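The following blocks contain the structures, represented as structure tokens.
Across the two complexes that follow, chain A remains constant while its partner is chain B and subsequently chain C.
Now for the complex of A and B:
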């Protein structure tokens, strides 16, 4: 089944999908962020901050990430997809928690699994586990000291990071007493400690109240304007659209679409979508062409501007439905017109199914999100 | 306190906070590199040592059993049970061994006995008394050291801490915080082992000291002779159970199965099969140390002991080997459940 971006300009064929995030610094003059505790050479700075090349990862027989190629340099990239789409697995691979079965991942030229790569990365995992017996400040301080900072500097960094996430006044309480939102803030604080170039944030806005979300959105924007590269995952497109217009949509372990929301919508419009419509048979067992509902539906569909083709599939006599296969462009407009057609002619539709899984996933997000 | 960001476009690059007179310079990468891998490693040892102190169910069970054992030994000591003085022959019916010795002594003092006969009787009686007098140590060794402490308490003390060191972090999903720091994985493994040792050695050796102190003279002799074996066994058990924590999803269960089934089965197998059990080598060290005091395997031709130096070398070698294997395994492991 063709993928959404299997269009001429995407150049897929043998070439993998590539997402390139560019700096969205408003002034375009932010200096490149340097890695933790060291200065980058010019050569190192020229390397992509994150480069995933044809990365695949299996969990036994189940594929978690499938042939993902991704290149990030700076700015915010949103990684969106449903639960189980492979977002967290991709993030674990990028942060060196997992190793790819195929392909490679490099952070500034270092293998993501290596210690040197982790110096460039701040990771905010989705997992909600801490050293529960510690206070928020003790936890963040402990994380700073595990980077090897002297005690005084670790204290300063922890204090600063806690202020940045709005937890300075509440950091003395034990973590086990924190709300979900406060725990999210602590997780974010520990990711900021060493001023990383790349921040990998897995569902950072989950559990945060609306006011907190606005604060986080501003904080992410500020970090991006400083030249940081942020990869932020969410299963809510609307949430990510507030942060960035550069999105990668994941479905079934693959990056199904990359670009701005508008770009993805444009590509989706030009990409013929395969849809199966099951029309309820008026007289079961009969196949009278005069009364055949689906033939009437097919004729009606062919009159629609966005329909590229219609095919009548063989129906099994024991089924009470007649299937129709439709190829249509501009899915958003097509579905509107289909709805109108069905309501006007009173077709009884038993089932409507998009057959291209990746496209369906992308479409699902785009239709549920705000209009571009 | 929520940071208040300056939304002014012109000042955006120098984000400041109204709430604190700090700037991003606090975390500026332009500062000289002040990090140190060695410092981070030592901090991890300290942090892990401190976190091991959290009360865990297994540790409380171990401490409870230790206190129970100490109380039992104290009662036995108070009743003078570490001696053959009250043993009877025929079993449970006849006079005690001490009564036998007294009777032999009485026979020696009969007026019609010959001088030679009296001499033999007196020597026999003195020997019996001597054996009875010094029987406390072998009895204490057999019942308390070998059966209770080495076979049961040492594995339990070690597994209660060692399986928790990494296994607990895995189960609580907090291992992610160590794995996402720029610390080499072998360093993490070794740091946590270093942090574990004071606890296992403290509990095992401390427990042994306690048991021996309440065991009277026999206990003090056992402490003097056996502590190196206890220490070597502790190192080997710790490294084994720690390795299990890095490898098994439910390390405590695996360690209990090993300690109380495999060790017992292998340790009592005839021939050379028992040589794959840690307890065998610890016992060999003890037999070697206490040979002069009459402590030896019941049937050496079946037990086939090795000498003390070999047993020590095996236990230390095993510790190093298990640490090496564990380090490699941990360095390659992908903990799906914790990340």
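Now for the complex of A and C:
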């Protein structure tokens, strides 16, 4: 079982299982964007954009979301987890499509179920089912009317949103003839219509070609830099890593961890960080075990408190380096001690690489006890 | 990838221009929802064909009334020979036709029109139900609506409005046109003297609208696909009709067994709206209209209860 789910808290029914929870107000935090039709008071702006408190949702005997606590202010947060982990249910709860059976969800202080909360939220669902006979523009315009804009305003906003997602030139075509990527753009356009503060995007990158993905990644980055909060669910971990390092990881209906990838990785005590250190050979081509620098380094590393294991990897004679694989806990302290050791003993390090601190590795450890 | 995202224009486009106006209430979204549903129906050529077929009955009544009025103005006083059956005054002959075809601007005439037109409406609604609402549930379009600032009731009312528009375009509106036509052809006083008929037409239309709308929303939400929906409507309006006729006319059971025929029940209430006596209704041996109203009210309530439960649990894991 994942480390964090097996934390001592997991058995207690009175505490949400938020093993690592880091409130987010990220880099370069711009002031929060103002929603249309309302001026945010200072008091309202101080409220978290999204606040889920001990939220649970059952589907009959099946629990979809279990005691989830999550607070988001601005920036991009990736929502990851395996299929059936409860991501889509959590998104539906946040967007007011479902009502929690227990707990509360607030958007800028409004109950997520209320219509006033939904004015702050733009939702891009995973399924791309539209009215196939309508044109893209007709669909987006119709969605704009549902936000409560008068006709003229709805037309203008639909035009802006279509322009923004690069669909202005193709908006007159029927949805029936759209590719998967074009459908994704139309979905995104309808979520952007009212310039929401919080955007909840369910798998927005699936089915999009690499060029389109880059464009979407840039667009999401732009939105975040404007102070908006984006909660993006995605299985495309590589793309998600380009967008953000802040993750909320879900497993079995619970938030297993929230925070930056590094913060979450630091807390995975049962899975020491894997670090490869390439030590430069004094004379290339030689493989003299007596004068092997890396053996001295390995011995030095084993004396450090946070090192749980050292492995000497096979080195090819033609290489100029000898690799060492280190398993260490508490990465921050380990790297400080490693720096001190290298400087004291004058080891020549050609390369230093952490092998399992990627999003997919962290996710793999959390969800299945091994690297993904 | 063709057209690229308009990165250069980001700041302007993302902030749009500030909205200074007042947002409309969620109730204002009912019509846009209905419009989307109607657009998706009317963009299918098949429905235009069925709609035009449905209007043929209206055209039959419209031109029937017109031709008989015209014939009346052309008829002389001299009797005409009717084959080997003897001679008859043409005016009497026209009056006979009017009475037989129910083209005389009477309450019977409008009841007859609603009855015939209703069959077409049922067929069209059975075909349209999956497009109007079933597909939203079947293909998962519902989140587009439910994530907007409106409630489930607004969504249902929007869809219901679309069905109501559809029903009234095929029944109430043509009936009003027939009423106005009779006034123009015969005498303007008719429009004022028989204003009760206009109210009766509106009442009959209302009964049809409420019953069929709620029933369609519930069955389309339940069955979603066109074929099962047609089968369900056939059972409700055809099989139940046969069954009730067999029980009351064949086995001589209580006339109350006719109440299982929902279409008959709408006709009974419609007839009451038009001020018609039970005796004028065929087949005879009918239950009182208020019992029919009670049954239709119960069925509508049942459908509404189902709709509330279904829409609440729409995201149930499949």
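Structure notes:
One rule holds in what follows: the second predicted complex is superposed on the first by the 240 of 372 C-alpha atoms of A that agree within 3 Å, B and C clash if a C-alpha of one lies under 4 Å from a C-alpha of the other, contacts with A are read in each partner's own complex, and residues count from 1 in each chain.
Just so we're on the same page, a contact is a pair of C-beta atoms (placed from the backbone, for glycine too) under 8 Å apart; a residue touches a chain by one contact, two chains touch by 3 or more.
Computed from a predicted structure; not experimentally measured.
Look at chain A after the overlay: chain B and chain C clash there. Applying the stated contact rule after C-alpha superposition, one finds that A:125 touches each of chain B and chain C. Of the two partner chains placed by superposition, only chain C is touched by A:138; chain B is not.
Legend: residue contacts after superposition of the two complexes on their common chain; A:149 is shown touching both chain B and chain C. Once the two complexes are overlaid on the shared chain, A:209 sits against chain C while remaining clear of chain B. Looking at the shared chain after the overlay, A:181 reaches chain C, while chain B stays out of its contact range.
When both complexes are overlaid on chain A, the residue A:319 reaches neither chain B nor chain C.
Touch criterion met: A:97 reaches chain B and chain C at once. By the touch criterion stated above, A:62 is placed in contact with chain C alone, chain B being left untouched. In the superposed three-chain arrangement, chain B is struck by just one stretch of chain C from 80-88, 98-106 or 188-196, namely 98-106.
The residues of chain A shared by its contacts with chain B and with chain C are 33-34, 36-37, 59, 92, 95-98, 115-116, 118-119, 121, 123, 125, 127, 129-131, 133, 142-143, 145-150, 153, 156-157, 160, 163-164, 166, 168-169, 190, 192, 195, 215, 218-219, 222, 226.
Residues 33-34, 36-37, 59-60, 62, 64, 89, 92, 95-98, 115-116, 118-119, 121, 123, 125, 127, 129-131, 133-134, 138, 142-143, 145-150, 153, 156-157, 160, 163-170, 181, 190, 192, 195, 209, 211-212, 215-216, 218-219, 222-223, 226 of chain A are the ones that touch chain C when the two sit in their complex. Contacts from chain A toward chain B in the complex involve residues 26-27, 29-30, 33-39, 59, 92, 95-99, 115-116, 118-119, 121, 123, 125, 127, 129-131, 133, 142-143, 145-150, 153, 156-157, 159-161, 163-164, 166, 168-169, 190, 192-195, 215, 218-219, 222, 225-226. Here chain C touches chain A in the complex through residues 1-7, 9-11, 13-16, 18-19, 21-26, 28-29, 32-33, 35-36, 39-40, 43-44, 135, 139-151, 315-317, going by the rule given at the top. Touching chain A in their complex are the following residues of chain B: 1-3, 5, 9, 12-13, 15, 17, 19-20, 22, 24, 26-30, 33-40, 43-44, 47, 51, 54, 172-174, 176-184, 334-336, 338-339.
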